[in-house]
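Structure first, then comments.
A, B, C and D are the chain letters, set down in written order, and residue numbers restart from 1 in every chain.
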């Protein structure tokens, strides 16, 4: 099988290529981009010598057609038009936001403009989602923060142990912002500094976490979400709390998480007392999870660490693509990270 | 006036010395430490050439006596015995935890052992505290996390705008852990990684934040506190949320913060839309604050950035010492940071 | 085939395990260590969930016997005794220094004590070395700095373009120092700082670089080597200069490097004008090379970037082991890095 | 006295302001910039709350006139025109390159275009230079790399102990590149990576180091200079080697350095065996020096650590301005750094 990658010169595109280079059943076809069209891939992804001399084409439906799967790693707003031109038989896996939200009102509130619709949501770990991804031809890859926050808390909501007043504070590496030339992303500004941004419920990933947890809980879940930028390239650590339902015990909580991760290839509940660090997951498609009950404050505290580019974007995309293409879900996806 | 510093070879001790070297009214007297006694200060604080050849003495009441002020930067448990021997006329400023908590039950629960009592709490910004510090002879310097979290939220509670179900997630640089030789503090483990620790309401700074906010609110405030370790040496970014009281508006919230910081030399409310970064405060005694109302989630989100070693420890200590010694509160304390 | 790893709890051991987990022909047998014996591997290598529950045994000849290959990642001085007990049929790949130097005088000068001898040197890229590694039963894995410096300069010496007055200044990530609990390796000291150490020709890797380049040049090469510590976990950037031989042109220099890397799977000469960055090689067994002729100063400047744990230790070890075991040299070794 | 700062929104401008805020005799007058004209300083220098509300004016001779001293922190090529308009009585301190080189040929070779001339060179530590700076009305501030490399090696050349075949490899923090929006300066690319650039004798600071050492040595000195970019915001570590003259001993070398630094307020020769780290000098106007004789390689190895923005730019500028204005050379300049 063959994959085209649109947005091959960016960080998400580079991670898709790195993973596909190790994938036994999906080969790498056409690479496209916008302003980088016509250049060698090696100029943009110097860590991928095996593809250094590949020439990047312009992102057009023609360039992307003729592949079994097309991965879109593009700014939002471009996926719908491309998808319409690629035909219903091609698997399209969109790493962007266009088709993640089911609520048109939420879309308009957070992204502005008109809602393009919703595609099957690429988080197989959520109850009932894996089946919907098998054989799918359209997949919306979850956002990086929603991946971390949802995986941290869904076991508690699935077991009915948490109340819906959720607070999430997450630290992300700078690669989550892509290769944008903004002053606040310069190394000189980032190193030695943690900063907040998108505070006050305005970050676009907020309704996506709510959508996921609401579906699991079976009742509306509100999320206060604050993202922060940390001085590292990769990784998200999401610290997530929700009020404990009456009578919840630490043992019941642990059991709920053990049940939730039991058959999941990429969820890893750490031994009791060990807390996630993003370094555990660099380059891996793994989410490292831990949970505790804070009796004094009456809150469940769940923490997830992921690599924002792997499980949070490109790895999650390939995991769902594997399901859609009828391949083993784990195929080509690293479980082990690169550390220290 | 002359100061002795106990614990001069550690990070907090080094920051006390750096600041005192620029203090116009307090000179540097005896330096003491534990296992480093007998060595040159330059071995431990190579960034302080002006003191490089000072010899560190052993921490004893004799070595510390004869000074106008004694700063203790020691592991907890050592302050009470030293204080008892130093006499009631000497100002003792304890950067450790021994005398911060007023509740003996909280002390025993979080620190174990017997409560030594409480000294005047060195956070002049809290309502009514400044006056109690003037002329005081004993001062308990607040913990670094409590400094950030309290300064972030006290204006909301002082104005009656927040409900007492607080969630704090804070990222700290590694210097907060001191110069301890632990594997998880090695550069190889820390760089490129954000990790959680002390999760689930067990961190010792939790009851201190509760104590502060309870005093301001006039009713019990519960805090869910999660600390995380970020790949930087200095700085704390505390993201703090509390449910908004009924009817709170963004304008009322802003006004409450403007009122709270108006006459405070070291509190800095950023312009609207600008969010704190720890890089704004490196080496400065300033706390950079911002607040927003999240209407959807019904929560106030307040963020504070401080330098954990300056405003969070040594600078806060000198600020309170200035008050106790009858000096201008700002004397010798930098308002500006070192950046980028 | 099955491999035992001695020193499995350290950084080099962890990297050997990470790579072997992806090796199609070498399985992972016994894991041993010193003070970590009896603990779970997951405590030390939390990035390797697939091996988390393996119990580490004590490093003894008995524990290591019965494997096709034994990788030793131990402090120097321990390899000889273990090797003597493991028999001549077992392939022993020593990541330590014990058997790297051929000169007993150099050994005693730089390491002290008695010289244990020399094993086939695991750098197949050097002229004539690949053949000696095929079928070998003892292999001395090169040091990390010598790997970078030798690969940077050997093409110039092999082509007779360089004079033997070499200056090497190399920056290494902190993992090169292992998981040692030393104050100067703490994150607080390392972050935001580059420092020199082992200056003045005293670093133990100096004679190893000289030995390599002398062998290639066919005449004695002297090396002034200065290592520096950089604020990153992984990577070595070696900047290496040598006087240009009379009449050398930039074109001849380029050609010499193109010739040297032509059939080498892990040497990568970057396009002209692109200079190595360690980020190009994180987690990869690749060395990124570039060279220039400085006409004004009359010097060749060659730069190599490697991952000190991969090509510089564990990857280099497996590359040579592949040759010794009759496997394809590249088997199981990543060409692509993890970036950004 | 009053200073105007042209280029107030950049990193060098910010450091000038930080230092002048602590200067007892020079007040801060007009602030100017190019594209940032009309904005608040706080938008660009959020670490300087004391100046947050100052409005930046456009850089014109009119805006800069009427000050005792004008600091220019501008891209090269703009200083000559401004200086011509400011009058001979105003002290102009140019942090840019325009007037550093005495050789028109070197200027044209390295910078292109026509040579504007040379101003008194602001490195008082060099033999005979301090006197020329007293009362000067024009000062060319040395480049950051030349500051580190020259201070590292001049004592050896002044004492006749070194031969003129110099090799310098220096690691710089990213702030040396200014606030330029280039992909290779993004945090995601910089963190976890050391990279080479400007290799092969093409970096513009090369002839400046040669000019300095040639003047000290009294004979032509050639320099092979390679800069590298390290994952930190501030700091330069320059590793500098030169062949030892015949018969040089370690004791003679040490003595030469002790003599050179003896009366210098900002040069600090570290105790024997201690090697410079950039963390020793963050925010300080100090250069930390160390030297060793490598007997085997026949080379002197000298290492200097400075803060590129302080001693390497803004601090060096104020040091020379103090001399020119008849003030004590050390006035307002920190000797101690901010660490860890």
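Please note the rule applied: contacts are C-beta pairs under 8 Å (C-beta built on N, C-alpha and C of every residue); 3 or more make two chains touch, one makes a residue touch a chain.
Protein identities per chain, from UniProt: A, B, C, D = N-acetyl-gamma-glutamyl-phosphate reductase.
Just so we're clear, the structure is a prediction, and the values are computed from it rather than from any experiment.
**Q** Out of B-D, A-B or C-D, find the interface that copies A-C, where copy means more than half of the contact pairs are identical.
**A** B-D
**Q** Please indicate which chain is farthest from chain C, where distance is taken between mean Cα coordinates of the chains.
**A** B
**Q** So what's the Cα centroid distance for chain C and chain D, whole Å?
**A** Whole-Å distance between the two chain centres: 37.
**Q** Express in whole angstrom the distance between the two chain centres, defined as the mean CA positions of chain B and chain C.
**A** Each chain reduced to its C-alpha mean, chain B and chain C end up 45 Å apart.
**Q** Which positions in chain C touch two or more other chains at once?
**A** Residue numbers touching two or more other chains: 11, 175, 188-189, 191-192, 231-234, 277, 279, 282, 340.
**Q** Contact residues on chain D for chain B in the complex?
**A** Against chain B, chain D makes touches at 11, 14, 18, 21-22, 42, 45-50, 175, 191-192, 233-234, 268, 270-271, 274, 277, 279-284, 286, 288, 334-340.
**Q** Flag every residue of chain A that touches chain B in the complex, lowest number first.
**A** Residue positions touching the partner: 165, 167, 169, 171, 186, 188-189, 191-197, 199-201, 206, 222-224, 226, 228, 230-235, 237, 239, 241, 243, 275-279, 282, 290, 292-299, 301, 303, 305, 340.
**Q** Which of the residues in chain C end up touching chain B in this complex?
**A** Counting only chain C, the residues touching chain B are 11, 173-175, 177, 179, 181-183, 185-192, 231-233.
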